[in-house]
Amino acid sequence: MLLELKKVTVSFGGLTAVNNLDLQVDEGMIFAIIGPNGAGKTTILNCISRFYTPCSGQISFKGENLLTKKTHKVLASGISRSFQNVELFSKMTVLDNLLVGLHPSLKSSLLSNAFKTKKNKQEEEAAKEIAFEILELFDLKHHANEEVRNLPFGIQKMIDIGRAIISKPKLLLLDEPVAGMNIEETKKNAELITRLRDEFGITILMIEHDMSLVMNISDRIAVMDFGKKIAEGTVTEVQNNPKVIEAYLGEVQEDVGT
Amino acid sequence: MKIKRLQILFISILLLGYPLLVGFSSYFIYVAGLFIIYAIMAMSLNLLTGFGGQISIGHAAFLAIGAYTTAILTLKLGLPFWLNLPLSGVITAIVGFLIGLPAVRLSGHFLAIATLAFGLAIPEIMLKWEGLTGGFAGLFIEKPSLFSSDTSFYYFTTVIALIITWLILNLLKGNFGRAFVAIRESEIAAEAMGVNVSLYKTLMFSISAFFTGIAGSLYAYFVGFISPHDFNMNISLIVLAMIVLGGLASITGSILGAFILTIIPQVADRFPGFTITITGAALILTILFLPNGLISLFNYKWKRKKTENKQLSLEG
Amino acid sequence: MAGQIIIGGLAAGSLYALAALGLILIFKTSDIVNFAQGEMAMLITFISFTFLTVTKLPYFVSFLLSLVIAFIFGMAVERIFMRPVQKAPILNQIILTFGLYMVFRGVAGIIWGYTPVGFPEALPNKHFNYVGITITINQIFIFVVTTILMLGFYLFFKHTKIGLAMRASSQNIATAKLMGIGVSSVFTRTWGISAILGGIAGILIAPVTFLDPNMMGEVGIKAFAAAILGGFTSLPGAIVGGLLIGVFEGLIAGYVSSELKSVFVFALIILVLYVKPTGILGEKITKKV
Amino acid sequence: MLELKQISAFYGNIQALDRISIQIPEGSIVTLLGANGAGKSSTLKVISQLLPIKSGTMVYKNEDISNLEPNEIVKRRIIHCPENRQVFPKLTVEENLIIGSYLRRDKDQIKKDLSDIFSYFPILKERLKQYASTLSGGEQQMLAIGRALMGNPKVLLLDEPSLGLAPIIVNQIFEIIQEINRKGTSILLVEQNANLALRIADYGYILENGRIGLEGRAEFLRNNDEISKYYLGGKSHAANLY
Amino acid sequence: MRKWLVNSLIMIICLVLAACGGTNSSTTSTKNAKEKSSVKNSQGVTDDEILIGGWVPQSGPAAQWGILAEVYQSYFNKVNADGGVNGRKLKYIAIDDEYQPSKTVAAAKKLVEQEKVFAILGTTGTAHNKAVKPYLTQKGIPVVAVASGDSAFVKPAVKNYFALQTNYDIEARIFSTYANKELKAKSVGIFYQNDDYGIVYRDAAVEELNKLGIKVAAQESYNPTDVDFSAQALSMKKASPDVVFLFASPKPAASFLKEFDKIGGSAERMLTYTSADSTMIDLAGADVMEGVLSTTWVKSLKDKDNPLIKEYVDQISKDIPKQDPNSVFMRSAWAYAQVLVEGLKRSGDNLTWENFIKQMETLKDWDGSLAYNVTYTSDYRYGQTSVKISQFKGGELVDISDVIKYEP
């Protein structure tokens, strides 16, 4: 088991965002968390990437306690993430955005950086090579030196994911990877996510509203509502769970049923 | 990148040839020297504020610490100048680190005011610490024997400035610079990408203070006399104005801003009483009409030319 | 001695608080730190002085007249200079108000010169002695005016529709517009009102600092300090911050060193900000991920 | 009554709306559907003039209102209830409601409207003196709708009132929307949840990438499987799985 | 490519313009200087003009000193109207140094090398003057009436420096002697400005008082920008000295005196000449100022029949009508300019720095200016060390003693 959450509870000023949650993600899986807005999904990601600290419960990754780690140490331990509304460095170029993703693995010192020593140059070159590999993978090479803020939202989302995987994490947290994308882009992204798992061996934990994506590529789905996990299982299991239909798809189900 | 290199190369040739151009007039060399020293300071402030997004309204305090360190080391300990210069930088960097500590918790206006408080406090401490600093009476510093004339010290200053520019450009291009800009753009994402935001913020303050400290040291030697009058809040704000005027997050912009705001008082001093009015009006007009600084004027023209050319070629 | 120091500190502190009110008002509604606030106050004080000496109007008439001019002046500054940078980065706003500060000071110097002149006090100068502590009627007056203004604005914000509109605009500009609030005219009026506050501060401070273009230099900085210490968004915070600074620097001057009193004040600010980054009465800013 | 003709709008360089034409007849509920970023909210912002119109015209009761200030729009009782509730967090519930009637001078009617709102949302009366930030999501949504109703709207622009709410509350809110409509207010409803919206709407527009992809009467849209599969993307696709 | 070309072109234009601006002024002055004169004059002198320069802060914290420049100009107007100095008109250039020593250095270099002035007149700021002293000494340009009473410019005497206003050190000693002899003080409290100005006074006063066996009961200092002096006034009252010396500029002195009066402090108060004029009555009020002692080294306007006073009042009311001619700054500035012009007159047609300095040294107890008894020798550059004691009485300042001369 790669990631395990045990009895995690998070609350903000009296409001319980996540309530006593247990979650287990196995290696090599695409694991989706679904649920209505405000169900506490993003809060879970924020706990795993250590922006929040739960009031109680445990989170372990590869058997290690994750809660003792500081936020900036999470990436080095093999967990990376993307953001719901793309938190890119908007005035930096695409290439530089990706290179920041390599930050923990670049070891040259301040001085060798300032004096541009040979070692530093080599390291930078190597980093750039890796970045270009990623750009190749995402078919974004021609945008390498453009400022991110000038690019369309769909491409920004790709860069956000690219920045997350450049450090070759074991686990990738995706927060609504296809929100705001059209059908074409969604399809492309679905393929990409599967490839990340198959070719790079990255385990994926994602939050998504787009059911076509979720149902097509997930190995396992957890359904959240009001901070609680109300169901978990394979695609078919979840789809046929009456609790899920009632809470999450309630209105729609009634309509389609008639 | 290449264009930036050429710009810098050109500016450096100009700076080195400048004394010839003005017939070794000590006044013109003096003003140019001040400009170069302010340019170093503006670049280091831009590193912190323009690139790193951390506002400092107390940067003159770092200049003061650098200058006084040099003066005190020279006068009290008799250290040679090749030791004083880096030491002034290091000591200022240590102070910068300490100031960076509260900065980790503050942002925006609150950071601005905290640094303002620091900038106001330092000259008063210099004033009070009379035994060491000479209080308001100030301290005289002789130029090092190797560069005893204005012109030779001007050359020395220029070379140091060029080296500092090179170092800052390198830093900005590398891993550290990317992390600084990343912090400015999104602290959250930077943290998620493994940047230790607190550490890097204090680091930014230290580096910026280091270079400003060196500028301070050069200032002490070049002016030959320092007193707390030279490091008040107005200087901090003027240097801040330099980087905004020239263009935030642009090294060429900092140099341009330093140039203009060093020249304005020199031109305006013949209209007694109008100096601050003219400087103030220049700032207001720039902010209102060129919010991205004077550098955007060049970039904009250049970009427009480019698109015009494109259109032409399309028509052709 | 301590009693007298505290009274002196409270008197100085209420000057700082008075000068800070206008700063806070602007920051509260439009998120701008106005470095030119003190200079605007100085200009208005000069205008009032001109009424007093050139046109020989009675004190309170010229006081009120100059406040009318202050209102117009404040609104004009907002319209001409601040409106275009409303959405600009903080730094641009800071530098713009700094530019205004330079121009206002320079223009005042050109028009009225830099020789300090005395300015009449609001009330005939009498002082009281009580158990060896002296206090003047004008010190009490300033303290009362500051408190009344603070309370007045507090009630204004709490209970009037325009006050409510100002608070709404400060929280969410777009939604405030959806309520039919003319947000830009709210900002304009805020600057007008804050110039009035500045004018009142300047006119009451001038007898103490004397009138010249540099009169607000020190008071302006202490007003900033007071505003920051109090939290920058809280009107009662201005009073708390102002009085705290006044008394604190009085005690430092009396018992430690009179030259280092400002240094201690600045150290206090850095310390307070370190412990509570939003000031004593400041509202907590929550960051969203 | 309210008509948008060939409206285009931009965020900086990015085009948000491309020649959109929409009609809201008096007394009707019209819904705008589409994926995230399709331009639904932008359409509402254009109507309330938060987003300036680049080209095209907007006509209300035979008057061109394309170039008015937001407060002029509010004066014409076209009230926009924005996405994500956007209540003023540091104002009390009461103050939030009062600010909704900012431009009105008819004190008696305001009182009556206030009691109407309390009858729709009794919880708001209990929370009257609390800061809006202390309310739950559902309560905030009620407050936002209540606040919009305080403007005594002729046309109410509702942006995703169901967002993040439990189904029971959503049902409640949608019933109230219908109730409001019955009392004579025209409604333009933006929703992601298409089936929900089409259930109460008379007419619907489907937006895609800033353009109108399809429009029609609600029953027509609801029953057209092909269309909903294509334009409503995952939502209906998922629904079809059941 | 084009971008940096544009950039560099603009840079070049700026620099060339700056350079031309500089060379232009220098070529004109050298060209004029070449004209027919039989004697080779020093820079800044032509057949019909003598160029005088100086810096004064006209903005910034000390901008109140900016008035000096206007007085110099006014005096030169008068001299020029009377036909100039030996047929040459006086031209005066003021540079605003904003009270920043680094800018003062630039100003000095500009005046000497670009403007090529003949002499430097009445420049302000102790620190600022000190900052450029090595440079000006090395150049040898005459510096007349440094507007600072610091000993650095007179002790030891520097060949090209001529001080005029009473030395701070000396005034402090005159205060001490007066307190001892006339006021029979047993203890003295000192209120001083914590800068180069106030500290010089304090040190001299403490030394002299110790010599005289008078107790220094309190030393209260303040920073030049302070506005609140209640703590100092309180400490001073607590120490209850017989006499309080105020080594302070007008604003703080007035504030302190008001505060001291308010809390019921009572002592003889002595104020330096910098504040000895009617401004103090305006600022602090006649009640508070009643009985305060001071010294004056420039003649009082009371002596209306004196033609020197008459010409001063007439010219100032014409040129600077806004200001009260009674101002001690303005009377001092007038005296500075008078001494300079006297030196120029005595130099005749031989306007070299060497000769000017020699002629200045011929001034012996010269009483032709607003100052008393101006004297220079090769090792005495104080100008004068004579003061009158004066006192605020009934809303004006009146002299209460004859000229007291102090030998340094």
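We just call them A, B, C, D and E in the order they show up, numbering each chain from 1.
In this text, a contact is a pair of C-beta atoms (placed from the backbone, for glycine too) under 8 Å apart; a residue touches a chain by one contact, two chains touch by 3 or more.
Keep in mind that this is a model prediction, so the values were computed, not measured.
Fewest steps needed to get from subunit A to subunit B, stepping only to touching chains, is 1. Farthest from subunit A, judged by the mean position of CA atoms in each chain, is E. The pair with more inter-chain C-beta contacts, choosing from C-E and B-E, is B-E. Subunit A and subunit E have Cα centroids lying 73 Å from one another. Rounded to a whole number, the gap between the C-alpha centres of subunit D and subunit E is 75 angstrom.
Work out the mean CA point of subunit B and of subunit E, and you get 35 Å between them.
Computed from the mean C-alpha positions, the centre of subunit A lies at a distance of 49 Å from the centre of subunit C. Annotation for subunit B: residues touching 2 or more other chains are 124, 127-128, 188, 273, 275-277. Shared interface positions of subunit A, defined as residues touching 2 or more other chains, are 51.
Touching two or more other chains at once are residues 58-59, 61, 63, 66, 194, 223 of subunit E. Across the complex, subunit A meets subunit B through its residues 49, 51, 70-76, 80-81, 83, 87-92, 96, 99-101, 103-104, 106, 108, 110, 113-116, 120, 124, 163, 167. The touching residues of subunit C, counted against subunit D in their complex, run 161, 164-165, 167-168, 171-172, 174-182, 283. The residues of subunit E lying in touch with subunit B in their complex are 1-4, 6-8, 11-12, 14-16, 18-19, 22-23, 56, 58-61, 63, 66, 69, 93-103, 105-107, 109-110, 112-114, 125-128, 130-131, 134-135, 194-197, 199, 223. In the complex of the two chains, the subunit B residues touching subunit E come out as 3, 6-7, 10-11, 14, 18, 21-23, 25-28, 30-31, 34, 124, 127-128, 130, 135-138, 140, 219, 223-227, 229-230, 232, 234-235, 252, 259, 263, 265-266, 268-270, 272-273, 275-277, 298-299, 301-302, 305. Listing the residues of subunit D that touch subunit C in their complex gives 48-50, 69-71, 74-75, 79-82, 86, 88-91, 95, 98-100, 102-103, 147, 151.
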